[in-house]
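Order as written gives the chain letters A, B and C; numbering starts at 1 within each chain.
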Amino acid sequence: MFLRNCWYAGAWSHEVEGEALLARKILGERIVFYRKQSGGVAALTDRCSHRFAPLSLGRREGDCLRCMYHGLMFDAGGVCVEEPGRKVPSPRTDIRAYPVVERWKLVWIWMGDPARADPALIPPCPYIDSPEWACIPAYMHFKADYRLVMDNLLDFSHLSFVHANTLGGSNTIAEIRPKIDQLEGGVRITRWYLGEPELAPYLKGIERFRGPVDRWNIYEVALAGCVFEMDSGSAPAGTGAPDGRLAPEAMHFHSIQIVTPEDERNSHYFWMYAHNFDLQNAALTKMLSDRVEGGFVEDRTMIEAQQQVIAETGDSGMAYIHFDNAMSLYRRMLSKAIAQEQEQAAAG
Amino acid sequence: MFLRNCWYAGAWSHEVEGEALLARKILGERIVFYRKQSGGVAALTDRCSHRFAPLSLGRREGDCLRCMYHGLMFDAGGVCVEEPGRKVPSPRTDIRAYPVVERWKLVWIWMGDPARADPALIPPCPYIDSPEWACIPAYMHFKADYRLVMDNLLDFSHLSFVHANTLGGSNTIAEIRPKIDQLEGGVRITRWYLGEPELAPYLKGIERFRGPVDRWNIYEVALAGCVFEMDSGSAPAGTGAPDGRLAPEAMHFHSIQIVTPEDERNSHYFWMYAHNFDLQNAALTKMLSDRVEGGFVEDRTMIEAQQQVIAETGDSGMAYIHFDNAMSLYRRMLSKAIAQEQEQAAAG
Amino acid sequence: MFLRNCWYAGAWSHEVEGEALLARKILGERIVFYRKQSGGVAALTDRCSHRFAPLSLGRREGDCLRCMYHGLMFDAGGVCVEEPGRKVPSPRTDIRAYPVVERWKLVWIWMGDPARADPALIPPCPYIDSPEWACIPAYMHFKADYRLVMDNLLDFSHLSFVHANTLGGSNTIAEIRPKIDQLEGGVRITRWYLGEPELAPYLKGIERFRGPVDRWNIYEVALAGCVFEMDSGSAPAGTGAPDGRLAPEAMHFHSIQIVTPEDERNSHYFWMYAHNFDLQNAALTKMLSDRVEGGFVEDRTMIEAQQQVIAETGDSGMAYIHFDNAMSLYRRMLSKAIAQEQEQAAAG
């Protein structure tokens, strides 16, 4: 059950350079990405129309991709432009091409009706390539239903437990009630932790100040493309952060986390964690990214274990608790959007 | 198809010490065992009521177990005693706790109706912790239906073939007809091999005498908990062992082998092999245990291969031969007991 | 869907020497091959009639095979000749024996009605053990439906792509239209490439001449046993090879490739590649075999990837192109032969 008429992050731009043929399954469909000689990225069904050999074992030729089993060649639009030994390719040899747009260092792919693939719908992720922010584009794979990964993002109470020694550090996170706003196409969550005794463990060694902290996580999670965009940070307590005044030594971050379903039980995870201070310090950028990745590995361990239990026992009968409101709202909105899309598709 | 209203061996006591959270599947159910700070062992469903994360990734706190995903905490009875950020936990957050009793260095768990969990029904295994016998508690895992493991135990003719160079050593074992007695809740098998030319291979290097041997295997196999308890030994031939007189140099053993179904196709195997001579000789105890384990590895190789064949081709059409009487009797009694239990459960 | 009433290559003779018990699945049936002490090879169901233990874990005794679980022994005809502790084996203990004939260094097995197992139907493979040809009997395993492997053999256009740097070397192969003849029980394919600029890459370092080449691949593919037998070679261009005159420096080969279905999705591949020049040069024979194997590894990579795609998406909707005529003809003939066989079997 996936939303189809939206842009999904299919790859980081740097994964599709030179002669690389990137095979990646998205919403259960095998896709091959490659960079055209003329620039830009193409995405084709990773299956030759002839005998179903994967095109990711093929060869890029100019802007085209040749199947290296029997030599059929396809252009970036999926049209079969060459069949060895024949002047004109045989009928019904064209394959599916997917609309693709490269933006924010990401390759976005449209998995639904191509006629509706409007680039204006690509989620804004300006902090990825802003010169005023520094980050490292990163990828992880989760052996879990994308909705379990989204659940995790929609309830930060887990920071007090899963990430007690990394991204969390305090029980306050689990005890606070976040503000939850329903948006047109997603959910906004606002969390403030005022007067925490110290910075979170993942900032140890890169502190810009000591002592009590006002900390925040303010983020939006979009239905379309499962995009999580967060403004977060820590400022010396009482210096006005909740009122929008940021002390010079405050540590301010923007993070993008995008969960692209691989199939019903596996997910791609594209993420970055950007800082806007000490911008030229590449070691800092790397250390911060490594620390955050350590936290995400903790998430993955828990979520994959949860997925295994659910695979065995089903997911009915889960208890609803007060933390679940954002997650529950998002799931309801998602199910409704998917149902609407399927009704529209059925109606023609 | 399992008998449920009985005590199964769930763990050795030493597997559940300190902070250990032992995840083990029994009769297809995921269970987590842990030792309470106040002593005694608890067994809970290894699945948080909230989002189905495994509690075996959790943290023991006193006598309780906390889920380390979102922090719900359960007492040893499965009651949710804490939900972060709420004074009283949400409804329907309790989980299943299993009756557990620790005896004979084993943790026994009751998988059926808790109201019927009478500790008096725990199988007697006094040789495990008797000061007059020495043994090493051991565990193996079999990728096989527990009934195939029981079959193996119920027909010792295999000692002449599977264990020709270890536990067996003579074709006599396969040629003798054991005495088989049907008991109330199981089967007793009596095997005497009189005047065998020498001790079995697994006793090489630890012989207490040389020359012809009167050897015996007398054991009971219970339906409840799949418990095998054996008196066995080797005495100098003609010194009266069959009449109950044990020569001082006789080698006398007691063995416990318990097969706890993990699921339909996997089994836990708890065992020990005790001797009552040379009690202070820990090297002897270890060598004997290692030798017996070598034999059990031979069994496992054969039984797992047999399981694979059956998984592919089914198990109908097996030929019945004269060895099969004990095994066949036990299987019939087991099927009948399971059917009765299921009828009772259906009747309410 | 397999043809059953035919001889399949089950093993190379050298795989069944001494005490070896070769377990191999053929047409989805588990079989154990062994060499009788009196010579000749036996093939039995690899499953004891008693408790379904695999006989390949057993022990050869003379011309018989003993199950090493409980000791039943079977002769080469599958008759149970010994049950320990009983004078006459119990009823219904016999197992299936398969007709087997050893010829051309191969062990041929008949998977259908034994009454029809006529050794005269064994495919002729004289080049395997001819003193005038040198080759190395070789085996590979393919994780693919045997028909996908046959497809590969029936369309050599793939040499220009899969084997561009090994067995192929020129786009001519893909551009030429082969001559295709329907035979009684298979297909003959004739391919001539006249005036190619140079020898194929796999012959680099073992050339017997330089300069332009007349090259050919003339082969028959039989339905029965999936046997591919090829006459191929390269001669100096214009020296009369197409007319049957072979220049002394021509490089002439015979190859056998036999695809025995392991099950619906796996195949055994028995092959050799023989040369008739420089016969005493074992290093040449080895180098040639290694080069060809390198090409077959390329095939395997492609075919196994193709199999994975088909396993996921099915195989309907493949485009038919002009290369496919031989493959398509063979598939039609095979389907028809299988259907006929099944009708006959159903009719009794």
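Assume a residue touches a chain if its C-beta (ideal position, glycine included) is under 8 Å from a C-beta of that chain, and two chains touch if they have at least 3 such contacts.
Worth saying up front: this structure is predicted, and the values here are computed from it rather than measured.
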item	value
Homomeric contact subunit B-subunit C: same or different residue positions, threshold half	different
Degree value of the rotation bringing subunit A onto subunit C, based on Cα positions, nearest 5	120
CA centroid of subunit B to CA centroid of subunit C, Å	48
Touching two or more other chains - residue numbers and ranges from subunit C	none
Parts of subunit A lying in touch with subunit C, wherever the complex brings them together	30, 46-47, 49-54, 57, 66-72, 83-86, 89-93
List of subunit A residues in touch with subunit B within their complex	151, 155, 157-158, 160-162, 171, 174-177, 301-302, 305-306, 308-310, 312-313, 315, 318-323
